[in-house]
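Chain IDs A, B, C and D follow the sequence of writing; residue 1 opens each chain.
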Amino acid sequence: MPESVLFWIMGPLAVVAAVGMLLVKKAVHSALLLAWVMVTLAFFYIAQGALFLGIVQVVVYTGAVMMLFLFILMLVGVDAADSLTETIRGLRPIAITAAIGFGGLMVSLISRATLGREPVGLDAANAAGNVQGLAQLLFSTYVWPFEVVSALLITAALGAMVLAHRQREVARPSQRDLSEQRFRSGSLATAAGLPGPGVFARHNAVDVPALLPDGSAAPASISETLRTRGDMIDSSEFQLDQVNTEVREEK
Amino acid sequence: MNYLTLIMAIPLVGAALIATLPQAKSLLAKQFALGTTLIAAVATILMTVKFERGNTDLQFVESYDWIKAFGIKYAVGVDGIALVLILMTALLTPIVVLAGWNESDNGRWSTKTFYILILVLQTMSFGVFAATDVFLFYVFFEAMLVPVYFLIGGYGSGERTAAAVKFLLYSLFGGLLMLASIIALYVLSGEQGGHTFNIAALSKLEMSSTTQNFLFLGFFIAFAIKAPLFPFHTWLPDAAKSATPGTSVLLLGVLDKVGTFGMIRYCLALFPEATKTFTPLIITLSVISIVYGAFLAIGAKDIKRLIAYTSISHFGFITLGIFAMTTQGHSGATLYMFNHGFSTAALFLVAGWMISRRGSSTIADFGGLQRVTPVMAWSFFIAGMSSLALPGLSSFVSEFLVLVGTFTRYPVAAVIATFGIVLAALYILIPVQRSLHGPTTPGNENLADLNLREKIAIAPVIAVIVFLGFYPAPALNIINPAAAHVLSQIGFTDPAPTHGGK
Amino acid sequence: MNPTNYLYISALLFTIGAIGVVVRRNAIVVFMCIELMLNAANLSFVTFARINGNLDGQVVAFFTMVVAACEVVVGLAIIVTIYRSRRSASVDDASLLKR
Amino acid sequence: MLVNNGLVYLIALPLFGAALLLLSGRRADRWGHLLATALSGMSFILGAVQFYQMLGRSPENRAVSQKLFSWISVGSFNIDAGLLVDQLSICFVLLITGVGTLIHIYSIAYMDHDKDRRRFFAYLNFFIAAMLLLVMGDSYLNLYVGWEGVGLASYLLIGFWNHKPAYATASKKAFIANRVGDMGLSFAIMIAFATMGTVSFSGVKEAAEGTSQGALTAIGIMLLLAATGKSAQFPLQAWLGDAMAGPTPVSALIHAATMVTAGVYLITRSNFIFDAAPTAQLLVVIVGAITLLFGAIIGTAKDDIKKALAASTMSQIGYMVLATGLGPVGYAFAIMHLLTHGFFKAGMFLGAGSVMHGTGDEVNMRKFGGIRHFMPITFATFGLGYLAILGVPPFAGFYSKDKIIETAFYAGGIKGILIGSVALFGAALTAFYMSRVMILTFAGTPRYDINHPPHESSFLMLLPMGILAIGSVASGFLLARGEALVHWLEPLFEAHEGHGKEILPPVVISLMALAVVIIGAAIAWFKYGRGTVADTAPTDVSIFTRIARRDLLQDDFNESVFMRPGQALTRLLVKTDDVVVDGTVRGVAAAALASGSSLRSTQTGFVRSYAALIVIGAVVLIAAIWAVTL
């Protein structure tokens, strides 16, 4: 019974998380939801007597692979929030209909399929321990695929390195080059460097844009990453609404 | 190791060695290729010597399981017919290598690649003639296309890519039909006591006449495209025109023989009843090929296309001989395959030298070569004489045997085919007159005559042509028992003299 | 409990993953959806292993994980490369297949 | 039959010479012609030895044979490379090697200035070998080898100066006309094998008895076709005139004395077939008669001395063919005329060559005249030949030609009278055109630059002319004395019962022949001998003369009936191949391309749409499985 309880609680949650993956705007959120689904699956594995896989799922997938995803998200930029509007006309309804049809067919197939016997269960197979049982198979029957897969892994690692490696075609610009470039660009407005963030004496955090003389915010004063991510705090509250220009009478 | 596997392995080993050579050493690659093909030729000659002439069984037989699940074997063996074709291949390849010493220089890829392709092609050719497993045959049959495709597409001239693709598509189309037939045979064999691809076993299958007819057509169309027979011939002139002369020699001399060889080995042996059904049609096509090819040759303006068309005419003779179903026709056709290899080789090689010197393959651009380059002109003339089957040269023996053999059973076909010999005189003498005779036309005054290498290359070809013209017995002794055996297996006997009905 | 329920949930997750591949445009999200589909398949394998009473299904699931890892590594590297040259991670922008 | 293993050397010697001269290249320039002449001479000596030995044996045992090796052997088709020399062959062997050697000698001087003299001698030797093989082969197929061999030699020699386009064309024309004839020989061999199962002379002779008339007639007609090709008989006569493009010794040897008579040899050799096939025999007579007149008429109109002689050759061979068509009585006379003709015509050709040599290669007779003063020996030898061809007693032609005319008259019935008259009329025409040649060339006043008079030829050229002149005088008498040749050849032919019905006594026929000859010569004298002759051919002549000058329209006929339609057909087929046959293929390719490019629009390039398609595909697949398992 504990398994049923686990299933009926975790299962729907996993489905909800998966659906959420499709709906959320930001990729980071998708990644987090996916991590949740994976953890759920790890539970399921362990519940089904696949202890080793369950652990691997948590360690490798949720740990390593998802980290990789997040890492790349960071590299690529967190601006990667799609607009969820469809650009290819008619694709979405077709895709969703087809996918639902697919799912429906699968479900109906599964429900129609009968084994003709009760599920065996893994008690016998796991008698010597799940890890030992798996090892037995991996290093005997499946030793050849195992070796091949290891070769594949190495190849993939090398391939990723080759792909990700960027050959520099021109020398890295020196500070002098950058400076000259600034001066030669169309306007001299930024020649002396971009303005620093923060509102003097009120707020000096990096996410608050500086105020221009007319009191409006200067977007160029904060990091582009923060700007695109939308983590730019509205600086208007720090703005002095009206500078009291009235000179008080000296007592 | 058995001879057949040995001769198939030699070129492959050579190719592997050449592959290890540095790219820059093209001369070394050429020398390696020549050496390899010479070794293969010597091995093949030894094999021919060891061959038991009178024995009609397959010889040098080998059989190993290849793909057990489907009963596919690496099974090889030769009878007299296959042997002469293997011998021809083995003799022609070193000549081609030597004659086309500089053919690979202007190719898309390196010289190394050219010779690797040639050597691989040689192995495939040996294999296709030696295979006694239908599936193995099919594999070789299709695999041969690959090196030829690259040889035409990579080293040819003019519209070489288009020609290569045309060649490939035509051949693949035929191969596909054959594959369907082969699978059908395999299925049938499964229904009748065990899946197999063995020819001997397949020839004993029971089939309804409709099945036989369809399967026969599958094989026959593949071979008719390869041979090529009218109306499946249009790839040949394009391919021959675009390929290098050496490639053309292998294409017409060796590759196309697979078609006519296949007709004997597969169409006749596997489907004797269907053969009888289709014989009138095939005889008609052969006769059309003879006359049609000859007329097109007469009308050809390009010397390479001309030679290709003459070959279509000659292949008509070969097919005619095969389907005449007489010993003379069969022996003649097989001998014709051998002889045609050499006479076409001579024609193409000399034409190739003429073209490379003049920089044009249009007949009208030549003129008066006899005075400028006598040795080259003579070589071309002798090759031409062999092509028009002058008595005393090898083609005559085979052509006459085909005609006599056909006449005893199909007099009308033989009579029409004989008109081909007058047309042959025209299609040879017209280019001879235009290019060799007459005053030396501008552009031809300073052509160089054959150099020593070229003389060494062409001499053995002409020697074979002349020798077999006067004394064809060495070849006929090998062919005759096999040809008679094929006929007796499918139940044909020569017509007896009729005495005109008296 | 009847193990078939796991199969249902596997089918559902797989379908959701498939929809995600089609409708999302961010290459990384598409990738994650593919991972979801793989995981769904893995769940089926593990379930079948249980139904059949042997560990072969688990072994296959294990292999799938390794292959999926490889795929992620290479795939993400490709995404990075594309992003570098095109400044975009949208799969629609990379419609190089047509040209 | 006796076996003599030395026969092969007759052929091998000149063949060796040809190969050696061709292969050794310029190195042999200095001695090549001498070697070739010597080898030809040795062949003649060997032939003479054979002849001498033959004389010593009884008539039945005279034939000798040699089997070299099995040439082609497939099933029941067994051809040995075998040689056979019997009474008929030996006549040819002696003629070929004898006249051949003389012409070798002549050519040494004639071709002295040609830098390709070695090649010329190589060809000559090759011709001798091939011609010997033709007459010595023991089966039709062996004969065929020689038959095409001489065709090739003739092609090479006609085209010896092939850098002149017209000459190259002439050689090609000869080869192709010959090939048409060769086709006939092929047919004959094929029919013989299909009906009798053998193609050797002895085998066919035996089997002919049991073979139906129809088959024999077919073989006969095909052999006749072969003969018309090689011997320039109607309707394949057109090549001979153009063949005069070759050097004159070639014209003398090949196109007068030997090769062109091969057809007569073939028919005579196949007497057992023609004797059993009267229809074929009748055709032979008709062909002979037509050609006889055809050649003679052309001869009257030609101004080119060699072409006039060529036309005469055609006509004389017509006589021979006519004779062979008359059955057993005629064979011996045909051979006799062949031999005497070999002497006098070769002699006249050499004479013509000598004249050309002396006048700087001029061939137009209207540019000659009075040459007898400058070239007396040539005049004498040519004159003897002239008397011989006219059939003036006791010169050689009288014995042979008279007999043919006589036999023709005795052939019986209307046919006899008809062909006899044709032969007689032919004799008159012969007298006319030969006298014309004689008068225009040697008599009258010079019509050339008198400051550069012709000069007599060298001894090496005059010697063969002299010997041949002696032959022209004496050969007829020697062969006819006591019917020597008739008895010599008798064992080869079916026995025959004397002549046919003698409608006129032989003396009367001889006198008639003599009379028409005198009339013909006289007309020529009145027309050309008395006044001056224009040095250009008059153009205001009758339509008949114009047609005769155009070789009786033979080339126009061939051109309009065979050549132009053939060319049109070729062009049509080339077009068809490109448009219809290859067009179909290209059409299929184009259709594939078109359908491809229309399907291409479904490929948007968006990965996601492909993914959607994959999903749809999976749905369809699963639905299919679901439906099947339902």
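Criterion: a residue touches a chain if its C-beta (ideal position, glycine included) is under 8 Å from a C-beta of that chain, and two chains touch if they have at least 3 such contacts.
Please read these numbers as outputs of a predicted model, since none were measured by experiment.
Colleague: Among the chains, which one keeps its Cα centre farthest from the Cα centre of subunit A?
Modeller: D
Colleague: Which chain is most central here if centres come from C-alpha coordinates alone?
Modeller: B
Colleague: What is the distance, in whole Å, between the centres of subunit A and subunit C, each centre taken as the mean of its C-alpha atoms?
Modeller: Roughly 15 Å separates the two chain centres.
Colleague: Just give me the whole-number Å value for how far the CA centre of subunit B lies from that of subunit C.
Modeller: Averaging C-alpha atoms per chain gives centres 55 Å apart.
Colleague: Counting in whole Å, what is the centre-to-centre distance of subunit C and subunit D, each centre being its mean C-alpha position?
Modeller: Computed from C-alpha means, the inter-chain centre distance equals 90 Å.
Colleague: Could you state the distance in Å from the CA-based centre of subunit A to that of subunit D?
Modeller: From the centre of subunit A to the centre of subunit D is 99 Å.
Colleague: Among the residues of subunit A, which are close enough to touch at least two other chains?
Modeller: Within subunit A, residues 88, 91, 95, 99, 102, 106 contact more than one other chain.
Colleague: Multi-chain contacts only, two chains or more: what residues does subunit D have there?
Modeller: Residues 604, 606, 608, 611-612, 615.
Colleague: Spell out, as numbers or ranges, the residues of subunit C touching 2 or more other chains.
Modeller: In subunit C, residues 18, 22-23, 25, 92 touch at least two other chains, as defined above.
Colleague: Note which residues of subunit B are touching subunit D in the complex, please.
Modeller: 166, 169-170, 230-231, 233-235, 292, 295-296, 298-300, 326-328, 331-332, 368, 370-371, 378, 385, 390-392, 396-397, 400-401, 403-405, 407-408, 411, 414-415, 418-419, 421-422, 425-426, 429-430, 432-433, 436-440, 470-473, 476, 480, 483-484, 494-502
Colleague: Looking at the complex, which residues from subunit C come into contact with subunit A?
Modeller: 1-9, 11-20, 22-26, 28-29, 31-33, 35-36, 39, 42-43, 46-47, 49-56, 58-59, 61-63, 65-74, 76-81, 83-84, 89-90, 92
Colleague: State the interface residues of subunit A toward subunit C in the complex, per the touch definition above.
Modeller: Within the complex, subunit A contacts subunit C at residues 1, 3-4, 7, 11, 14-15, 18-19, 21-22, 27, 30-31, 34, 37-38, 41, 44-45, 48-50, 52-53, 56-57, 60-61, 64-65, 68-69, 72-73, 75-77, 80-82, 86-88, 91-92, 95-96, 99-100, 102-103, 106-107, 110-111, 115, 119-122, 124-126, 130, 133-134, 137-138, 141-142, 145-146, 149-150, 152-153, 155-157, 159-161, 163-164, 166.
Colleague: Which of the residues in subunit A come into contact with subunit D in the complex?
Modeller: For this pair, the touching residues of subunit A are 88, 91, 94-95, 98-99, 101-102, 105-106, 108-109, 112.
Colleague: Write out the stretch or stretches of subunit D touching subunit A in their complex.
Modeller: The contact residues of subunit D facing subunit A are 604, 606, 608-609, 611-612, 615-616, 618-619, 622-623, 625-626, 629.
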